[in-house]
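The structure under discussion is supplied below as structure tokens; questions concerning it will follow.
Think of it as A, B, C and D in the order they're written, each chain with its own count starting at 1.
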Amino acid sequence: MDFSIIRVARTVMNVTDLDRAREFYVDALGFIETESDDQHIYLRGLEEHCHHSLVLKKAEKTGVHAIGYKVQEEGQLESLEKLFQSKGLKTKWMENGSQRAIGKTLRVHDVSGIPLEFFTKMETVERMLQRYEMYKGARIQRIDHVNCQVPDVEKAYDFYVKELGFACSEYTETEDDKKWAAWLHRKQNVHDQAFMNGEGPRLHHIGFWLSDPLSIIHACDVLASLGYGSNIERGPGRHGLSNAFFLYLRDPDGNRIELYNGDYLTSDPDFKPIRWDINDPRRQTFWGHKAPDSWFEEATPFLDIETGEEVEIKNPTLKQRKPEFVI
Amino acid sequence: MDFSIIRVARTVMNVTDLDRAREFYVDALGFIETESDDQHIYLRGLEEHCHHSLVLKKAEKTGVHAIGYKVQEEGQLESLEKLFQSKGLKTKWMENGSQRAIGKTLRVHDVSGIPLEFFTKMETVERMLQRYEMYKGARIQRIDHVNCQVPDVEKAYDFYVKELGFACSEYTETEDDKKWAAWLHRKQNVHDQAFMNGEGPRLHHIGFWLSDPLSIIHACDVLASLGYGSNIERGPGRHGLSNAFFLYLRDPDGNRIELYNGDYLTSDPDFKPIRWDINDPRRQTFWGHKAPDSWFEEATPFLDIETGEEVEIKNPTLKQRKPEFVI
Amino acid sequence: MDFSIIRVARTVMNVTDLDRAREFYVDALGFIETESDDQHIYLRGLEEHCHHSLVLKKAEKTGVHAIGYKVQEEGQLESLEKLFQSKGLKTKWMENGSQRAIGKTLRVHDVSGIPLEFFTKMETVERMLQRYEMYKGARIQRIDHVNCQVPDVEKAYDFYVKELGFACSEYTETEDDKKWAAWLHRKQNVHDQAFMNGEGPRLHHIGFWLSDPLSIIHACDVLASLGYGSNIERGPGRHGLSNAFFLYLRDPDGNRIELYNGDYLTSDPDFKPIRWDINDPRRQTFWGHKAPDSWFEEATPFLDIETGEEVEIKNPTLKQRKPEFVI
Amino acid sequence: MDFSIIRVARTVMNVTDLDRAREFYVDALGFIETESDDQHIYLRGLEEHCHHSLVLKKAEKTGVHAIGYKVQEEGQLESLEKLFQSKGLKTKWMENGSQRAIGKTLRVHDVSGIPLEFFTKMETVERMLQRYEMYKGARIQRIDHVNCQVPDVEKAYDFYVKELGFACSEYTETEDDKKWAAWLHRKQNVHDQAFMNGEGPRLHHIGFWLSDPLSIIHACDVLASLGYGSNIERGPGRHGLSNAFFLYLRDPDGNRIELYNGDYLTSDPDFKPIRWDINDPRRQTFWGHKAPDSWFEEATPFLDIETGEEVEIKNPTLKQRKPEFVI
């Protein structure tokens, strides 16, 4: 299980209208558009030296093709293939050249049905970190994490921690000590991958790192002045869990984006995962603010790596779908 | 009508437990306690050279004794007395020495029944603006404004603008062009005094100026860590009306405090008051966030300047009590 | 002496290259360009509803044509003319229509030789305060003040305070209690007009108000990324005097601009002017940072209202040209 | 060379007066005092779950006893001992219990003579990250890095990269391509350990991470209001190298502390180290500000792990001691 997975590196996601998506992601949020064609827009943050961390793909319906992880050594792709095959999970190779800007890639479904991909190489491009004249909107710095709703958090947790070598920084339990949500990381902050109990597998949100809390305030102002007020779903606020300052947005297709700043270093193996009770009002929002129903209920389906059809969505194993205080 | 009223200068307000109030106002919010006795706490902000801008008075029940305005010349107090008497409104003198730290004071009820007071002198004390080691919590700088719910905004507006010489910076109208709320000022920012349609007269909130938007974020964090999460009623957010960044809090007695930063200069008489439609979702919160019902419904009663009894509360003349989008 | 001068409202200043100036003021600093022709650029801040607060005029050499004050009533322009004539100072009328966007204007030289102008009307335009998508660079909000080096600060102080009705918020004295500098205001913050001892009269800088301290940090980053690093002359820092957070810039012609945020309300006539000793290291920069020699020595000449020639520059009456700790 | 060194974890440093040091580090800067005795103060940041990251030790003279690195597995301490011994470098064991709060420790001198220590265990304590009511001063979050002046940067670089397994994020070269400085990391940001050319070995500074840029501004204000203005040596500013927002302070004994926020993620092995020319004016301070002479010339000596005497200081191999633009 010693796969040197570096970090979550990209998401490949459908949108129904590329121009409308560009207005939201590039003009309003301040992503850098690395390149585009009539079927794709490739986006990155100001800090990123990689070609992209978000691929928007034109399609009739929403759906997520893959969550991509960057791996240190190419030889490990085969080891990963074996692991997933040993669990009876689908795998598929995409050869170098078959996807823009990344090398040979292993696509799989994980134990929850989530389509993942593993690759070692992505083209590098100019990093815009000190091109401050290009900063606008939310001044997106880099991809930070993805959060998925899954029907069985315990099962997902076990697979990522025990098989893939993720570490857990924080987790949420029900009153009878069942795992309701978990924050797992490979890179050294709170998470690359979070799981929460719910109808799934579905992509709940992609989180992007910002440079400072005032960028979130400015993002709200810019979004509102451009007519995107109703796309602000939740926040700004402080998460109890992770301590990050956050904002949740819905893109024009309803896909959820989190703007995220200010969690902490998780380099030390002696750091004990922090347990939160699902009914602690400071867990979700440290200040006590409640998330809206849509935040618990709505998410984006995943697509089968072979058929492209929506992955079947199952009911969660734990009955409690929300903290008590929001019910 | 040329009364040189300078600005709103203080509020005298009941609390039921002085120690509990001190923990909230001084320890959590960062007010400076100028002095106190067993019946009062006198509070000021870091910028204020005046003895206080908020008097907390121990009492069995909540209630506001007076909203105090500072006037430039003492001779005008008599002129003000005549104006209020000419309208058949109650007036009362409080001689120099009868109230801690302020000179001779005229108390009156205005056309909505709100108890006001006018005075010219308040003791001065050390200004703590550059005593940064004393900054904590919200780092309260100074009193900025008060907002009152009144049954007839048009009537209150006319009296303050035409008789007392306030200027209007912004106002809200219903679809049939009736004044639903108005922001009126003597000093050169958006308001000293706001009125909004509702059961009244009641004190809706007292607004205090902060030095920058991040002080509001930090205030939320400190409040939550001290267990005041449920005292955060609304925000943080950006007001469409006034453009200020704001947070609404309820003190331990339920009195509402606004933390406020970032409106604009209103020095120029050629600045045309900005009209907002009550149903414009960007009016209250520029980002589209909805205020909770409590924000529209709950407020603090005023007390009669003679009897000390609660001033009678009347139903508003305009039926619409909230914007449509929050109903 | 009861002239209802509202505030400093504009500066008319030469630049030698309009395109180069536009790159600095509009592209880098974020001024709004209201309009321009082949001889002028008219600039305003995001908060301003007036046509402009800075006129850049194409010329062979640098020089300032006028510091403009807005006055409440047109009738007072004649009273002002009489005042200046009674002191034997030059006056000149510029009729309505002779200057873009402003009405009938009185130009004069003050007791230090500084060209001033007084007018009551300026065209109004759309205020961009909530057009957050247009915010860039330093996000300039509005003109705040001008600072002039004059040979005799005491004389300038007396004229502005006793004849023109300015109030003093703070001042600097030498060890033998001579006025070395003074901060004077009509609007309700620290200054519209400051004077400091030095070769003069010369325009030391024009100060523009920003919305928050982080805008100054971002301005530095943007300036540096656009190659204007050497235009940053001093700061960022906190002024002891005024308590503002500041940055001093030199435009491509060497004219000095201050970015300024966070002073305090000066509405109350009982606020006693704050005295600073010129040799107090916290006066200039609260943190103790020293200003460079250029900041004391370099400034822009004024131009005669009749001849357009440079106003003669005299040596200061006080010998001390800098605080001791920077010598 | 596969030592799983996690990160720089602490510094053990002399101060001549514990009370005076406490006022600076705890009262002004906001470190948490975990515990103290009459010879030591143990300090940590708000984010740290470890017992301390800075030990102040009472002594007659300044001097640094050790820079401490946390290592993942205890077995590697012996491997590290062998490495250092194989290079002819001094090593010394400090058994569990011999130092407060940390386990068995290997002390060594590195190739530049710097005293290092390696340990795997430190007592854990309550993390104060969400105890916002305790935030004050600079709101120190955690130790980030140390920077040492050494006579031969190339030699130090080779040892840390090739023998100890550090990665290089950025480096500075002279015009003839000699390494003048290098930023090396084990954890995933810009550095744990930096080296710069100069008389050495000496500790140039210890860098502490802050949560946001405004904390640095507030720290300056608090330091100045407490009389520590002259302890601010350089900044605030933006580093070109690392992109961090910074402030350099001198403690009451002259030891240098950096407040640091906002570098970037260095998780990816395909990130190419960024080369800077020593004479690039944006390298040190992106905005072009010059560091004072003291910043290049003054530093704290290291102490021998056996004798406790000052480690001999040698002249640097590269003649250029400063960028050209500051000479």
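Throughout what follows, a contact is a pair of C-beta atoms (placed from the backbone, for glycine too) under 8 Å apart; a residue touches a chain by one contact, two chains touch by 3 or more.
Note that the structure is predicted; figures quoted are calculated from it, not measured.
A count of C-beta contacts for the chain pairs A-C and B-C puts B-C on top. On a Cα centroid basis, the chain most remote from chain D in this structure is B. Each chain gets one centre point, the mean of its Cα atoms, and the points for chain C and chain D are 44 Å apart. Once the centre of each chain is set as its mean CA position, chain B and chain C turn out to be 34 Å apart. A separation of 50 Å divides the Cα centre of chain A from that of chain C.
Across the assembly, chain D contributes 130, 212-214, 221, 224-225, 286 as residues in contact with two or more other chains. Taken together, the touching pairs cover every possible pairing of the chains. Residues 27-28, 130-133, 135-136, 212, 214, 218, 221-222, 224-226 of chain D are the ones that touch chain B when the two sit in their complex.
Those residues of chain C that touch chain B in the shared complex are 6-7, 47, 49-50, 70, 72, 121-122, 124, 129-130, 141-142, 187-188, 209, 211-214, 240, 243, 262, 264-265, 267-272, 286. The touching residues of chain B, when paired with chain A in their complex, are 213-214, 217, 220-221, 223-225, 229-230, 232, 236-238, 245, 281-282, 286-289.
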